[in-house]
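For clarity, chains are labelled A, B, C, D, E, F, G and H in written order, and residue numbers in each chain start from 1.
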Amino acid sequence: MSLLNTVPEMVLTTKVDQLLNWTRKSSLWYMLFGLACCAIEMMQTGGPRADLDRFGMAPRATPRVSDLMIVAGTLTLKMALRTKVLYEQMPDPKYVLSMGSCSNCGGLFQLAYSVCDGVDKVIPVDVYVPGCPPRPEALTEGLMLLQKKMMQERWLVREPRPRAGAARA
Amino acid sequence: MNTAAIQQLLHERFGSGVGPVESARLSDAVEVDPLSVDEIALFLRDQPDLAFDCLNNLSGTDRPARGKIQVTYELFSYVHRHAFVLKVDARRDRPQVKTVENVWPAANWLEREVYDLLGVVFLGHSDLRRLLLPDDWIGYPLRKDYVEAPEYHGISTVRESILALPERR
Amino acid sequence: MQFDYANVLVFLGLGAFLCALMMYLGALLRPANPERAKLTTYECGIEVEGSSWINFNIRFYVVALVFVIFDVEVAFVYPVVTVFKQWVADGHGLFALSEIVLFIAILVCGLVYVWCKGDLDWMKAVTPSPVPAPSSASTARGVAPVAQGRADVAA
Amino acid sequence: MTAADAMFLALAATAVIGAAGVAFSRHILYSALSLMVALFGVAGLFVTLSADFVAGVQVLIYVGGVLVITLFAVMLTQGIQNVEVSNRAVGSVAAGLLTAGLFVVLLRAMSSAQWVKPPADVPTQTSTYGIGNALLGQYVLPFEVASLVLLAVLVGAVVLTRKETAE
Amino acid sequence: MRAYLDAVAAGYPSTSPALVYLLGMLAFGALVVFVFILPVAGITSWVERRVWARIQSRIGPNRVGPGGFLQWLADGLKNLLKEDVIPAAVDVPMFRLAPYVVVAGFCAAFVALPFAGSLIIADLNIGILYISAITSLVVIGILMAGWSSNNKWSMLGGIRSATQIICYEIPVGLSIFPAVLLSGTLSMQGIVAAQGWAPTSWHMFHSPFAFVAFVMFFVGALAEGNRTPFDLPEADSELVAGFATEYSGMRSLLFFLAEWGNLYVIGVLVSTLFMGGWQVPHFTDNAVVLTVAQFATMFLKAYFWVFVAMWVRATLPRVRVDQFMTLCWKYMVPIGLVNVIGAATVMVLLPDGSIVLRLIMVTVAVAILVQFARRVLFHLHRADYGRLGRIGEGAA
Amino acid sequence: MSAYVGNIVDSVTSIFDGMAVTFSHFFRRPYTVQYPDRMPVRVQDALPYRYRGFLEVDLEICTGCLACERACPIDCIAIDVLKNKETKQNLLVRFDIDLAKCMYCGLCSEPCPTGSIHHTREFEGADYSLESMVRRFVLDPVETYKPKKSGEDDPAIVPILERGMRYVNEFAVPEAPPKPPKKDAAPAVKPAVGAAAAEGQP
Amino acid sequence: MSLELEFDDGREVFATEEMTLNMGPQHPSTHGVLRFIIRADGEVMRSAKADVGYLHRSIEKIAEKVGWHGFMPYTDRVDYVAAMTTNQAWAIAAEALGGVTVPRRGEYCRVIAAELGRICSHLLAAGAMGMDIGAITPFTHAVRERELINDLLEELCGARLTFNYMRIGGVAWDLPPGFDAKVLRFLNHFEPYVDELDDLLSNNKIYIERLANVAVVSRERAIAYCLVGPNLRASGVRYDIRKHLPYSVYPEFDFEVPIGTGRHGSVGDCWDRYIVRLDEMRQSARILRQALEGLPEGPVIAKVPRNYKPAAGEVHVHVETPRGDQSWYVVADGTEYPYRVHIRTGSFAAMSIIEELSRGLMVADLVALIASFDIVAPEVDR
Amino acid sequence: MSMTTVGLAHYLVVSVVLLCLGLYCVLTRRNAIGVLMGIELILNSAGINFVAVSRYGSAGFDGQVFAVFIIMLAAAESAIGLAVVLGIYRRMRAIDTSRLTTLQG
């Protein structure tokens, strides 16, 4: 029933793809998933100064309606398993943005016994944002990068490359 | 009332269970018997001229050199605005200390924390479970000889430094 | 008149059609990767214990019962207030008014009754005093500290 | 067949299907939802009978009120959702026979009664006024009594439910 | 609309009028649903985000399309592309059906909304009663959604929501009565016709009781629409996303669609019942122009209330579940009952209404507005944000 | 009864006032900085001098003293220095900083004698992979810098060293404060500041 | 899990079944990753057990690995909402062990930074309180004000959140030129803002109703559970480390210690805890003004060796953070690494009382309760 | 019964069908709430009868008034009925009409 990846490449379908990608990138709903200090910056990014809402990005409380999981903060081993569950509960297409040193690679808490060194050990990450914490503008920049990535995806057009969601598995 | 005076009082009341004033630099303490600490605590709380109504801090220190785990209680009295430090030494191989949970409810969590991180068993504690670490954690990380497990639920706990990776630029 | 109401059917149908259309369009475009993990029930990242199809608090039910009665009352008053203007114009306003007042007054008795009996309070405890009402034996133990806390406040 | 007939048939079918759903659903919640369908069907039938106010009240009270408390009650008494249709007192076969019998008898009685009269004029005025006038005039006593009944029901229902909470 | 269809039917004597009617109704209905309801609900979501952002010192969606106007479209289309997750533990038929019931119930309310003197889908005799009745479908839908999700948050949210909607039906019903008393009819057009374009002839300024009824109606309608301060079912901070917690993609958007659309319905109802509806001065004989003016008036009035609802939402905290019960049963219901009696009494005492009373009421309203403006100025004066530098302004 | 009415009155008045507060925001400027494109200046340029963004190394003035590597609590700097046998010069063969791991604490730039390693005001570094976040400053081995007793005279290095020393001077020095804070410096940079502060008095 | 009583003959008595709800770790209102296992009967909770540790980052253990100087940035992460005060606590502890005296100007810088941080933290607490009660606007306004402070602190130390400003022996950077004027300008703007917050939120009837009389903590319970800081003061205990166990240069300032008065309910309810924080912000502003006025000249940092090795000893340090008395227990053994560091934080104590307080509250009250204690997850877990 | 125009008979047939289905429901349901739903069906069929007969009989509103009263009674009945059901339920934890008899006394 689905038209996904079924249509041969044509100008029209490419255009439609672009339109669809545009809607997805313009309405990036992220899941409220603040873990630690970076969460404060994430909050401030949604706040008056940086205002992610400008780009149509809105926080959502449940994974079921989120497109994006911003892993903001230190991922402890105890939390890592929950994170996996939450990630899996998000409907496709879904993305993960790792914000801050801790979720990139453990950062300063690589020395710790209880911290998972990097969220990419549990779930696939699309964009890494360095910083500790990344300032709101840096997060915004990471989101822009993610948008760029989304714009390159194909929906209708048949293509040999599997879609991002599958590729990351 | 200063530490010496309190030690005097305690010694009068409890005799041999109470050690002399133990002076570390900057901090005086009285060491008491781990198995009668609850009675001493009760006394300290209920004696009107002591009235230590608040357990300000409770922490454990691993001292492998002495084969002990030292538990430190910092007491404070809001009535008299004075403080007092109590210490007990538990044997490192079988650390057991009587709980003071019934004297100060605040001890509930503090003792759980010490149990969690150092493995001191507080006899008589109502709910001695791990507090911070997951229930299935192995070992007591704040002990000096703790070694990190290589993985937790399939998540490896070490991360190659990307600095060590071959040149990719 | 029946024509007017046919519109209702049309709109009900259109509403459903709207949903169906959206879902169909979506089905054309959306991916479908139902994995086992994805289909687990969301509970803040924790594996769910037990079904949520269990009994919920009876409070909601009591409130619903009271509602039904008043709903009926509202339904009864509707035709009466509709003709009221006419009756006033005909000079029988006072009679109609007294009928309405009587009708409402009787029901107010009911309202007053449930109010006084505390059936409109969610928990009898929360608003005036912080002591929770023990709704079953198991909480009785738990109540003590809070109650004690209140005693302290008074002291 | 006129449009009105078609409408009647559709609504009657809705009502009957809904009712059948109530009677034969295995799941009590599905029964309740079928009841909603049936109630809407009946409301529609009221409209075809020019009783639009009654239809409105039907939806307002039945769907908005009775059905909701029924759903609440069902949800309040979970764990017994799946009720087998077999009944030790009256088996479904026996019940089916019984009701079928009743159905036949009633139909017979109806057709033999010969009371079908030609339809009266459609009232031009909305039924709300008629009912309102009736309630304030001819039926003023039942109207007030209704309020008493409601009062009694309110008190009774609340007392019945409350016992539990007091326990 | 009936008249128009009659004319069309007369033009095609060979076809059965019923068919014409049916096609006409479908066409009109589709027009309303797809060209009016959908965009209005969508745009409302955008406006809400903008208004909200402004109140919060932000800007809100402004990148997607001119001024962010296409945000709603992007959101809608995006959700089309989202996977439709139906969790394993749910009761599948009911889970699927619930949004249908909610949306159908909400769409059906549009049947009786008077958009202009000649623009109404069907001026039902029992107009306002019909609207309060048909919205009970939403309750059923929400209960279905909450229960079928088999999720504790959904369950709690669904039941809270249902309880809330049904409870507030009583005060809402009671506050409709004064308007009905004054109009002597339940038909929506009848109620509008009973008022004039001038504020003095609006129902809300008829007497203090009518005014209280008006306030109560708005508050109650907010509660019925699950809007702040009564947004308990969706209380993010408590219940995650309430009854819609398990719904993903399009399905969840349908619930939101109903919510935003409902906001507009509330606006129309308030304007119709208490603010003279589409009434405009009869400034021209051109029926089309007049209709357009009426439609615009109605739309603006309704949208004003939509705006107020957004504004309220951005201002107030949420009440607790026991407090909304208290508010409903201990405050609004008794006041509503008194109000009905009061309004009826005023009618009996002053059968033809009193212009003095109306003028006093209008003056009071103006006084309230003036006081409000003074407070706004005071707040503006106290905290002058214009003086604070921002990043990028004047920095080295 | 009075409590009943009081509750109503309280609610109405307090809500009324709250609504006035929120309404007044329609007449206030939004606080948003429209980051990527709609800004008067680049964010980087608006950031304070001390801002601890990404680390950067001026290899020209790096002495290869490894103070920074040692100061970093989490080892995210890797420096390899080779001794060139012939010239007796130290060769910097590797100077890598792992920006993905760095916590931007500034501890490394504090002990640097020349201000070679320093935080920039750059913060935009999001990427699709972690590997690209390692900044490898040494592409070809370079000689380390040797401070000259008489002061620097190489015109190519002077400005770099000046910048470096300015950076170092920002840090508080124990014995003698670098320079007493110039009270009049502020209006020179931002004329608006002083005036606004005076105005801002209620 | 159902609670069923049984008749003698084995029949069960009706009781509404108990529902076990998991709130968190990912939940919008748990302020980071906390988890509560709620056993609820409909809306009323039988208990809410806290499950913490989702943010346990083993900071205490790391202290034993990174050395005295290197631990400073980690203290930022102990309480990231108000990193300055935690910085200060660590600095004080290390200084005490090493016998370092901080220059007076350094102390003033510390106080200025710490009080700005306190305002910052209380703003977040007050805003989050509003948000959890359902009013989102006050929260964004608070975040806006925070941004102003963040700008100031950024200018001071180069970071918005993880300041790493203080050093053993003083502070890392002197106040930048013109900083005092900017702080004053901010204060002139900020003090009216707090009044506005009162109008918008604190006096709102719904807000008061939601908070007054909810989760009342009596004086005795507060002390027994070792509640500290605003949480303790809200219960009517006038105790502030800055005043009663003074450190740094706080004795030189004139400020008051606000306590809960039970204006709308009983002393020690959620509303009191909220309003105490608001009052403290005003007091902090007062301290800031005094500190800026009396700012002495001189160096801001003492000479401290890079290889810091305090002699063996142990010290208990108490510092008034926005979440109350943070009690540090630091043991030195004469090496470059601390032997043991233990931090008892305000949130930790507050967290442990929640289970007891939660009984009989409603689910929505739990949210208010958590917010009113101003719990910051890493402070609990460290 | 002709199918050309809808008359009273048609309504009565529908009413009878509803009645029978309701009765069947009442008889077979072990679940008391199901029984109540059956009763509601029966009352509805009565309502149809009233309205239909009054519509085709006289032009008055008596039938409709009766229908409204019936709806009211139905609401009252289900309110009480459900309350009773809950009362029984709390004794037995199951709404099973067949067990009602066994527990008398």
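Here is the rule we go by: a contact is a pair of C-beta atoms (placed from the backbone, for glycine too) under 8 Å apart; a residue touches a chain by one contact, two chains touch by 3 or more.
Remember, it's a predicted structure, so these values are computed and weren't measured experimentally.
Touch-path distance (fewest steps) from chain B to chain C is 2.
Contact with chain A and chain B alike is made by F, G.
Among the remaining chains, those touching chain B as well as chain E are A, F, G.
With every chain reduced to the mean of its CA atoms, the largest distance from chain H is reached by F. By number of C-beta pairs in contact, E-G leads when A-C and E-G are compared. With centres defined as mean CA coordinates, chain H is found 70 Å away from chain B. We define each chain's centre as the mean of its Cα atoms; on that basis chain F and chain G are separated by 27 Å.
In terms of their C-alpha centroids, the spacing between chain C and chain G amounts to 39 Å. One inter-chain figure worth recording: chain C and chain F are separated by 56 Å, centre to centre, where each centre is the mean of the chain's CA atoms. Across the assembly, chain F contributes 7, 15, 17-18, 20-22, 30-34, 43, 73-74, 98, 100-101, 103-105, 130, 133, 189-190, 193, 196, 200, 202 as residues in contact with two or more other chains. Across the assembly, chain C contributes 1, 5-6, 27, 29-33, 38, 40, 42-46, 48, 52-56, 58-61, 64-69, 71-72, 74-76, 78, 81-84, 86, 96, 104, 107, 122-123, 126-127, 135-136 as residues in contact with two or more other chains.
Residue positions of chain B touching 2 or more other chains, listed in rising order: 132-134, 141, 162. Per the touch definition, chain G reaches chain A in the complex via residues 25-28, 32-33, 53-59, 61-62, 65-66, 73-74, 76-77, 80-81, 124, 140-141, 143-144, 146-147, 150, 160-162, 377-378, 381.
For chain B in complex with chain F, the residues that touch the partner chain are 161-163, 165, 167-169. Taken in their complex, chain G has these residues touching chain B: 52-53, 56, 58, 60-61, 96-97, 220-221, 223-226, 237, 239, 244, 311-316, 318, 325, 327, 329, 331, 339-340, 342, 344, 348-349, 351-353, 356, 381-382. Against chain G, in their complex, chain E makes its touches with residues 52, 55-58, 152-153, 156, 160, 228-229, 231-232, 235-240, 314-323, 379, 382-385, 387-388, 391.
Residue ranges on chain A touching chain E, taken from their complex, read 19-20, 22-24, 26-27, 47-49, 51, 53-56, 58, 60-62, 64-65, 67, 89, 91-93, 155.
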